[in-house]
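Remarks on the structure that follows.
We call the chains A, B and C, going by the order they appear; numbering starts again at 1 in every chain.
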Amino acid sequence: MLELRLVQGSLLKKVLEAIKDLVNDANFDCSATGFSLQAMDSSHVALVALLLRSEGFEHYRCDRNISMGMNLNNMSKMLKCAGNDDIITLKADDGSDTVTFMFESPTQDKISDFEMKLMDIDSEHLGIPEAEYQSIVRMPSAEFARICKDLATIGDTVVISVTKEGVKFSTRGDIGTANIVLRQNTTVDKPEEATIIEMNEPVSLTFAMRYMNSFTKATPLSSTVTISLSSELPVVVEYKIAEMGYIRFYLAPKIEEDEDESKPQV
Amino acid sequence: MLELRLVQGSLLKKVLEAIKDLVNDANFDCSATGFSLQAMDSSHVALVALLLRSEGFEHYRCDRNISMGMNLNNMSKMLKCAGNDDIITLKADDGSDTVTFMFESPTQDKISDFEMKLMDIDSEHLGIPEAEYQSIVRMPSAEFARICKDLATIGDTVVISVTKEGVKFSTRGDIGTANIVLRQNTTVDKPEEATIIEMNEPVSLTFAMRYMNSFTKATPLSSTVTISLSSELPVVVEYKIAEMGYIRFYLAPKIEEDEDESKPQV
Amino acid sequence: MLELRLVQGSLLKKVLEAIKDLVNDANFDCSATGFSLQAMDSSHVALVALLLRSEGFEHYRCDRNISMGMNLNNMSKMLKCAGNDDIITLKADDGSDTVTFMFESPTQDKISDFEMKLMDIDSEHLGIPEAEYQSIVRMPSAEFARICKDLATIGDTVVISVTKEGVKFSTRGDIGTANIVLRQNTTVDKPEEATIIEMNEPVSLTFAMRYMNSFTKATPLSSTVTISLSSELPVVVEYKIAEMGYIRFYLAPKIEEDEDESKPQV
């Protein structure tokens, strides 16, 4: 028996919007610790990891570890029927091949239950080791989304370069080149507007723009985003989810074989 | 000579938006009583009845009963050119094959007149007898629109079931099932937010979702909608128009031959 | 060396939005006087003239007159990456085949530079003589845009007729006819809401609707528009740009050979 009651139901709605374009089908894993997901995108290039810790739920009952395969597009269709202020409860009986999403309006005058069929999905859980990163950038998530969207109109790849002074996003395309520099900035009125650079070593890495852009679908979940970079490792783009967890996106840098194509003026 | 002056011209704009997708061409009937329309939708499944009583007009002159055939799409194009605060006057000379819509801005600085050709449309006026209904539900029109829109993402038909406690909207589709229950609720701050159930007999009827969804185009006309249900009769979905009339949509229930298709879990 | 610093960078963004659909490629001419453009639309029917006077820039350095050929669509893509509050600086080295747009956020925490390739464009600069017009109409630009948009749903041409009392916009199409009359109105609370008619001689001219509609893309640049009409001359539709210049659109009237097509009821 599984019963997870999430008072701030809009979080689950936003989580689905953040990942449904990247991943079609995925297993949600439920244990005493929390509700989690790990999945490769459909072209097996990027990895998504989601964690919602059990403490974040108003009520969390998970009698035994289970893994529930869901079509994220269908799940998103159902969650879109929840109001933004609704309480969402996720329920599954032992051995059932369905999951039920219950939505309660704040006034309790409207109660909806949506039942969705589960799927069998083969998946392998990758262990992701904790790592040291050469540079970590924390910045406003809306600014990061804006930069990715803007640069995508010019080129297909983005070079992210970090120095002590700031972080530079660059691209190059048929119509020209673009460089956007954000300065480290810790003295802002609101902490979520800060751009904070933790640099152990300068780093400059190239990524496919379209994945970066896709990751920014998680922007409504958090006002800040953390980008962790190392030349040997996939970048981690992390959005914290309130007090209860995170979505992390992992993407391997492009190897710069062809200087012209992948290395805008740096 | 016909001359109808409607100070709240936006009402006529909203009426057209409510019915133009359902009905292509229709006769508007004008008599001393008021301005009315009765028409089947283009697939002859649903019926629309509109009434704007003469008392609702600032000036109402209709020398003799006439019936004016109009293409609702063209009429809507012209009415969209009226400002939301404009006074709309509808004029037709006796025996003319055109109708004129005049729009006056509140300051009288802008006066528009649009002349549209009339059409000959064969139509039969159905007598709709007053009936007793087993159950009548009055609820916020925006909530009804939201429910129809949400359920349409899951299934093609909707079962509306009324008991003393509340009204349930259910559907079933490839991806799963959905049930939305609204409780009777008369103790709200604003009367237009109440859900009021007048039940003589419990009733459960199945309807094509796409017509229900189409009826909700009338939502801007009224903050509440009234749904009258009887197992022997077409459902009536009614939106009141200010103090001056109504739009009513009629739709026959689906006969539940095929349990699987038409009868979601009730 | 060219360096033009425009504190109100959003003006340049709006200028591009105003002309990019009409003109594909054009030469921007830079001299001590200012930054200007003159170009025919791609079907060689309408003419656009832009002037941004040097005094309107915070910093204006133009060592020698140059003409820079730009693809307006690509330029617009780059300018869209500037924030609405950004300062925009346009830079070009002597003899360079590129131009650089630099965007500075108000807080100086984000600095972007976009480099675009220049093009060789053949163009002839037409001398446009100052002229006396039979009638000049000044009116709210949003009202003019609304009228053009509304009439375009009915017909393909617009007749603009000016008398002392007002200005009339008329069209005719398959579904009927439309006339919109604006009265002269100088006693409004805000001067930008006035409709002012300066009439030396009444005039009535016919124009292609689709160009008029296209000119109204400049509406965000100015709250008023000035329309100068003479039977012998192209109409001039002018939008002032803050204190620093203007965009003017020129369009020849249609010759009314075919009364039915080009002459709605006047």
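Convention: a residue touches a chain if its C-beta (ideal position, glycine included) is under 8 Å from a C-beta of that chain, and two chains touch if they have at least 3 such contacts.
Fair warning: this is a prediction, and the values are worked out from it, not measured in the lab.
Visitor: Can we say the copies chain A and chain C touch using the same residue numbers, with more than half in common, or are the two sides different?
Guide: Mostly different residues: under half of the interface numbers shared.
Visitor: If chain A and chain B share one sequence, what is the angle of the rotation that overlays their CA atoms, in steps of 5 degrees?
Guide: Nearest-5 rotation angle for the superposition: 120 degrees.
Visitor: Using mean CA coordinates as chain centres, what's the gap between chain A and chain C in Å?
Guide: So the centroids are 44 Å from each other.
Visitor: Scan chain A for residues touching two or more other chains and write them down.
Guide: Within chain A, no residue contacts more than one other chain.
Visitor: Under the definition above, what is the set of chain B residues touching chain A in their complex?
Guide: Touch residues, chain B against chain A: 143, 150-151, 153-154, 175-183, 185, 195.
Visitor: Can you list the residues on chain A that touch chain B in the complex?
Guide: Where chain A meets chain B, its residues are 71, 74, 77-78, 80-81, 98, 107-117.
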